[in-house]
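Next come two complexes, and both contain chain A; in the first it sits with chain B, in the second with chain C.
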Partner chain A sequence: MNRLDDIPALRAEFPQLARRIHGKPLVYFDNANTAQKPQLVIDAVSDYYRLHNANVARAVHTLGEEATTLYEATRDKLARFVGARSREEVVFTRGTTEAVNLVAYSFLRPTLKPGDEILVSRMEHHANIVPWQLVAAETGAKVVPAPITASGELDVEGTVALMNPRTRLVGLVHVSNALGTVNPVAEIIAAAKARGIATLIDGSQAVPHFRVDVAALDCDFYVLTGHKLFAPTGTGALIARRALLDAMPPFMGGGEMIRKVSFEGTTFNDPPHKFEPGTPNIAGFIGLGAAIDWLQAIGMDAIAAREARLRDAMRAALAAVDGLRLVGDARARAAVFSFVVEGAHAHDLATLLDHDGIAVRSGHHCAHPTMQFFGVPATARASLAFYNTEDEIAVFIDALAKARRMLA
Partner chain B sequence: MSEPMALDPIQQEIADEFGFFGDWSERYQYLIDLGRKLPLFPDEWRTEANRLHGCQSMVWVVAEGNAERLVFHAISDSSIVSGLIALTLRVYSGRSAAEILATEPRFIDAIGLGKHLSVTRSNGLSALIAKIRDTAAQA
Partner chain C sequence: MSAHPSTLYSETVLAHNRTPRHCGCLADATHRGAAENALCGDQLDFALRVRNDRVEAAMFDGEACAIATASASMLADALHGAPIATVAAIAAELHTMFAGGAPARGDFAAFAELRHHPARQRCALLPLHAASQALAGAAA
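So, the complex of A and B:
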């Protein structure tokens, strides 16, 4: 039997889902912000500190071996989970933001020239805009926004039309955190590749929800974060072609990333360790490995199928709410819904919903350009995961109606 | 300053009004209604210079008068924050700079929403009160 066939039992694996907020059962609809952690992940973190705590890749003693084995096992698990070509292509980072910065500073900046262009969509998270702006400002390159449509879809034709000989990299979010749009990343990667342009895909909101195959996508860089993947914060990865990693200079210097250090000159370790100086978040990555095992046992296809049902139920329920407008209503979308309600500020809605135990995010979702495009200062956002239920959707819709009456 | 003080009459009045309500939704409804009754805030005052930073929602403040009597006008795009503004102005607007500086904002705890207001929203309220007190200190 699949764990998804017994949702109450599955929910019981997530201690925080049992919490009550203001006396009401928690309805956690802020999964795009961060996901809850199953007990197994919490145990993996705590077992590391209780039983195996030692530094990795440095000590020959038993504990050092245990810690290194557990930590490095996550690299294999993650490589398999996202379809990386090899474990050497998986660089551990603190999260998506660090992964994008690594590519911006180590891959792009050394060869970026005045007039070069970095093409990113108008629905990117700030993490896939600002690092490019920083290296562009230092080199005289520019960041060019790729167009999106009124329904929050990528304008594929318009995006491809902007690719030109000066375009050095295309950055695209796989699933938009602000709109829920699932982008046709394979199509954009193919178009960029045909023109010799590097590609970076932000998979933060994709990997928790469906099967991703980085090798099949054939992008140069794929970045992701662990905390949205039911794993501890401070974990993430850059998946990159080995040849690119070999050619890239180190991003940060320190221990573990070197082969030999002398004051006459230092040689560096092979990737991925070349990009992983210092003692990492060992416990966090062991937790990430546990989260991946847990997800694999359920199966990403089963998770995607359940979330598609929740998404359709949520879409239908929101469509029936008077005065509610979806911000972004792409045909291909995840169970992430950004919306505005006539006469009600998003923060007020979120404040009132919180009193009914419902956690939604309100604000700009770290996507100012996206909000500007839709002409709204802020939206409320409900983002679901497989552990959410149709009953919770009903509770949410009732509470939303009540909040709307109060604010009307 | 550390010994407990009685609330001044206006803050006591606010505490009494909120004490009348049974549950959070009634308190919030009252706050939202107070926000709606704020005097009209002209569009031309909604400038970047008048905007208060440190709030998740947009808040604009304009001060008039002198040390003898300072009048504040403020509004937010959030109804709940507008309600908090209405209470704040009831406590501080139309008073002398000396009175403003001598008045601690104790109505926030007294209305029983203190623990319900998110940190960021509370910060917005703190930013408004800081702005009022700064204006008084410089008047």
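So, the complex of A and C:
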């Protein structure tokens, strides 16, 4: 039997889902912000500290071997999970933000010239805008926004039309955290590749929700974070073509990333270790490995199917709320809904919903340009995971109506 | 853990939010300032007509949450005819109240519950920032 056939039992694996907030059962609809962690992940982290704590890739004693084996196993698991071509293509980072910065500074900056362009969509998270702006400002290159439509879809034709010989890289979010849009990344990657343009896909909001096959997508860089994937914070990865990683200079210097150090010169380790200086978040990555095992036991296709049902139920329920406007209503979308309610500010809604035990995010979702495009300073956002239920959707809709009555 | 929201969204706060006082454009302002809440993008403008260090008229404009709107309404009310030092005094009273101290003056006391909502305190302070920006800037 699949775990998804017994949702109460599955929910019981998440200690935090049993919490009560202001006396009400927690309805956690802030999964796009960070996901809750199953006990198994918490145990993996705690077992590392209780039983195996040692530094990785340095010590030859038993604990060092155990820690290294557990830690490096996550690289294999993650490589398989996202369809990387090899484990050497998986560089561990603190999260998506560091992974994008790594590409910006190590891959792009050394060859970026005045007039060069970096094309990113108007629905990007700040993490896929600001690092490019920083390297562009240093080199005289510029960041060009790719257009989106009023329904929050990528304007594919308009985006491809902006690709030109000066375009050095196209950055695109796989699933928008602010709008829920699932982007046609394969189409954009193919168009960029045909023009010799590098591609980076931000998969932060994609990998927790459906099966991703990086090799099939054929992008140059795919970035993701662990904490949205039911794993600890401070874990993430850059999945990159081996040839690119070989050619890229180190991003940060230190221990572990070197082969030989002398004051006359230093030779660097091979990828991925070349990009992983210092002692990493060992416990966190062991937790990430546990989360991936756990997700694969359930099956990403089964998860995606359940989330599609929740998404459709949520979409229908929200459409029936008086005065509510969805911000972004793409045809291909995840169970992430940004909305505004007439006469009720997002922050007030979020505070009032919290008092009914419901956690939603309010604000700009680290996507100022997206908010500017839609002409709203802030939205409320409800983002679901497969452990959410239709009953919770009903609780949320009732609380929304109550909050709106209060503010009216 | 905080109390029921009705203590945060009290009738005082909700009434100011529903029908804010002194909201709109002050044509003969001598000082103008703006403040933005980076968390939500809310922006408030405060316009003051000041003579001899006294506020003769105050108005605010902008779209913001109920807490910020109510606070702006209260502030504009409190500033009419008051010395300009009142802006800093009220801001100090709010900080004291948020830290668990004495209630702030008048309707501002309705924000006492914000001591349990640190992330929302800046909403109540937003109009204070806008008004102090107005006073700090050159005359409009």
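Here are some notes:
Everything below uses one rule, namely that the second predicted complex is superposed on the first by the 408 of 408 C-alpha atoms of A that agree within 3 Å, B and C clash if a C-alpha of one lies under 4 Å from a C-alpha of the other, contacts with A are read in each partner's own complex, and residues count from 1 in each chain.
The criterion applied here is as follows: a residue touches a chain if its C-beta (ideal position, glycine included) is under 8 Å from a C-beta of that chain, and two chains touch if they have at least 3 such contacts.
Keep in mind it's a predicted model, so treat the numbers as computed, not measured.
Chain B and chain C, once both complexes are superposed via chain A, clash.
Judged by the touch definition given at the top, the superposed model places A:371 against chain C, while chain B stays out of reach. In the superposition on chain A, contact of A:2 is made with neither chain B nor chain C. Once chain A of one complex is fitted onto chain A of the other, the partner contacts of A:296 are absent, as it touches neither chain B nor chain C.
Touch criterion not met for A:151: it reaches neither chain B nor chain C. In the superposition on chain A, the residues of chain A contacted by chain B and by chain C overlap at 22, 345, 347-348, 351-352, 355, 362-363, 377-378, 406-407.
Residues 24-25, 28-29, 32, 56-58, 77-81, 116, 118, 121 of chain B are the ones touching chain A in the complex. Chain C meets chain A in the complex at residues 1-2, 4-5, 8-9, 14, 17, 39-43, 63-67, 117, 120, 123. Those residues of chain A lying in contact with chain C across their complex are 22, 345-348, 351-352, 355, 362-364, 368, 371, 377-378, 406-407. Remark: chain A residues 22, 344-345, 347-348, 351-352, 354-355, 362-363, 377-378, 402, 406-407 touch chain B in the complex.
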